[in-house]
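The block underneath contains the structure these notes are about, expressed in structure tokens.
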């Protein structure tokens, strides 16, 4: 049960943190269509996070932090708003700032591809709740991957500037990609998909070295959480 | 044989719809473009004050609701820009007019959001006022605009209920939360009343717009309707509306209420509201930062089209 | 006493918030000398804030927010870290992001000039503590004003780009300047100083309209506080 | 008549100082530039990990202490770049070498700061290790460097005491605070040991540097001294150093301790540490963003000089 909880926290925290990052695009995207699409993906991931955090709490109540006496916060909020950075189980891959649109697309492509592969496999997980969450997520993640893949191609083949930015964005997110793939325990099936996107886009698979220190978070996470948790923590007994 | 003008007048008189291919007077077209564009810009600029709390929503449920709502506003902007495009003005042109200050947006969005209660208050009062303004527009004479309004009004009233529900939930919470709600209502009440525009006596375009069927009610009518609607809601909520002159007038069958600060209104319209500069700078930054993406998409589409022809 | 407390809170919160903004320049300034100078000014203002918040609390203990039972936070920290944005008494003038170096200099020039004039007058305030704080502050603020004034001149007369940025920065901060001058109750003596700097720099005094809404804060303040208060609030019983 | 080389050798042999106008071998000059620049860069890059908590310090007193400390680091950078300039290389050139990856900085600053306890741990362990490295450098053969080091060491040991004091205060606080301190020490202990560089066997430049009086002790000597110094401090603090092999060796009169992960060290030196890319990107952004200010200052100074000549 503790193992299931840990795994659900990894999947839930990754979704929560990337959702938070993608929500930052709201009112800031290149055009209305992308604004809506990125919000939509953020919403999907937020939905996944809520189910997964609830599953983690049910599987192992010990993961839920102690709340101030009298706090009415449901477990999903206890986990999201009252854990410190060190207790989050997300990968470093999702933590950093968005960068520009190209970097956001590069990260989303890698993330959705890896997570989709993992969710496809989780469809027959021993835990029926996790299996159901994964089954529902597959459809969403397929859309996320396709959206990111279309933009990856568009930026790669668009203008000189968009290509330059895409390659820079990819180089920026790539060093943490091996950690993501490892955390989700995916392998060659993902490489096949990515290599197709790269080939069609005329982009070479980066060769950058892997970054040490994956057992800890980045400096970005505590800043993200400081903002995200500020209202909830200012009103520990608040009802929302 | 009837003239084009007579056909147009008849259509409007029968409350039928004018459609994009129909003949229309140039003044009608211009007024519509101005009004629809202002409405579209309001949706887009209106994403900012609420979006300010997206990353800080205090529960995941509220975060999902707010994210969906702000997304809906982008969607409304999209329909309305499309409606405007049927009149021959592109979204890009409209955006450039917004950024150059040549077109306006609702002055309410030049007020800051200072606490999470503002998310609820905007839903309740600002969306509430918008609905009062917009429901009659579902019957507006221009087809694409009227149909966009039908869809928008449906979503707006959903948003209004969600905002009100947030406030009722907070009122059941801690003393600090109740104080937050009251403080938020104190800040937004008067600006919400200003959303209906200046008093009828100072609103010279109203008569023509009503003749054209673009506008269906006067500013003061709508404002009265909004006050009458809001007073019992405020009571149910347990907040005090910050107007000592507010009381039921049995004779009129309406509430009497105080005069908004029209000097403040004019200052905000002229650009000196708390957030005018910030809102436009935000929009301009997003627009400029996105230019290379829009160019890339265009270049890619052109290349793909060429290749499929080849 | 309540009036004295309110006034000390205004002066203390302005110093605290602008100190926080200036500290953001640390490791980000154009060169080491400016990095050091801006940190120094931030430190001076932080020192003023600490004295003024303590004075406010002593003058009227009712201004200090209730802390969680058992919290060892001294009153200066109770005021700085456990008040919500709405209870801060700072002017909107100090709240906004720094902008670029030119905007930072423009804001600092106006702020230091106004505050210096107020502090010079406060030297004979009826409250001897406030008078002493002001007397100490005069020397610091003179340095701040001179630093900002020198840079104002340098940027105005430097390159075309620096002049363009300076004028843009000045235009950005000017609409909230009347509120600052009013809050500090200063008048023509400040205009004389500013007009000298403007004249020497060949810069016209801006004509921009005054911004409505000075009875409330900006959206920037709650974001600044969310960051500033995050660690203190995450550990309400913490000892630092 | 003695040759320049003989004079130089004699000065170094007597532990006298070489001064900027003195003759010196080219290899000596180059090694010094490399070492002083690396040291200067470390001060400047080292502002970032601690600066990360400046805006979040949990008390005003701690905020003032931290702000002053980070400011001191900028000051150290300033002295050291000046010392380097006496060898004929400008601060701008050095900065460009840093940004191009042609000069290094201490690898410790490629680790992230993840809690406020890290501010204390950096003071205690990182400044502590720096002091072990630097105290002998106060007697280094090159005058400007040695004198800079005297001043720097004085401030560093002040910083070290402040860091240790923060940790002792936190250890008297809540359970969460004690856990934060332990977690922080767990993360920084090994990287601190790596600050002394690779084992002597893998440090080929040490012999020449010691002959020139630029370096006064070997890496392993200094590392041992640091461990011996830190163990009783950790005990007094009440934290466990994360090394199961750590124990007192009566025979050697020193503590035995485990081997740092030299593969990790090499990966970090090569650029794959947790924060290398972030630190350099931060410095580059600040440098680039400041370019127009530096240009303006230069243009203004030139114009003023011309005017005073005219």
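First chain written, first letter: the chains are A, B, C and D, and each begins at residue 1.
Simple rule for what comes next: a contact is a pair of C-beta atoms (placed from the backbone, for glycine too) under 8 Å apart; a residue touches a chain by one contact, two chains touch by 3 or more.
Heads up on the chains, UniProt names are B, D = 1,2-phenylacetyl-CoA epoxidase subunit A.
Keep in mind that what you see is a predicted model, and the values were worked out from it rather than measured.
Q: Of the pairs C-D and B-C, which shows more C-beta pairs in contact?
A: Higher contact count goes to C-D.
Q: If you average the Cα atoms of chain A and of chain B to get two centres, how far apart are those centres in Å?
A: 34
Q: Which whole number of Å gives the spacing of the CA centres of chain A and chain C?
A: 39
Q: So how far apart, in whole Å, are chain B and chain C when each is placed at the average of its C-alpha atoms?
A: 36
Q: Would you give the residues of chain C that are in contact with at least 2 other chains, written as numbers and ranges?
A: In chain C, residues 84, 222, 226-227, 230-231 touch at least two other chains, as defined above.
Q: Residue numbers in chain B touching 2 or more other chains?
A: In chain B, residues 56, 176 touch at least two other chains, as defined above.
Q: Touch graph of the chains shown: is it line, ring, star, complete or other?
A: Its topology fits none of the listed shapes; call it other.
Q: Which pairs of chains touch one another in this structure?
A: By the stated definition, chains touch in these pairs: A-B, A-C, A-D, B-C, C-D.
Q: Considering the complex alone, what residue numbers of chain A touch chain D?
A: Listed in rising order, the residues are 84-86, 172, 175, 209-213, 216-219, 222, 226.
Q: Could you please specify the touching residues of chain A with respect to chain C in the complex?
A: 84, 222-223, 225-227, 229-231, 233-234
Q: Could you please specify the touching residues of chain D with respect to chain A in the complex?
A: So the residues of chain D in touch with chain A come to 49, 52, 56, 111-115, 176, 183, 187, 264, 267-268, 270-275, 277-278.
Q: Tell me, which parts of chain B touch chain A in their complex?
A: It is residues 44, 47-48, 51, 53-64, 67-68, 70-71, 74-75, 77-78, 81, 91, 116, 166, 169-170, 172-174, 176-177, 282, 285-286, 289-300, 303 of chain B that touch chain A.
Q: Applying the document's contact rule, which stretches of chain A touch chain B when the two form their complex?
A: Residues in contact with chain B: 16, 20, 23-24, 26-36, 39-40, 42-43, 46-47, 49-50, 53, 73-74, 76-77, 80-81, 100-101, 153-155, 157-159, 161-162, 165, 227-228, 230-232, 235, 237-240.
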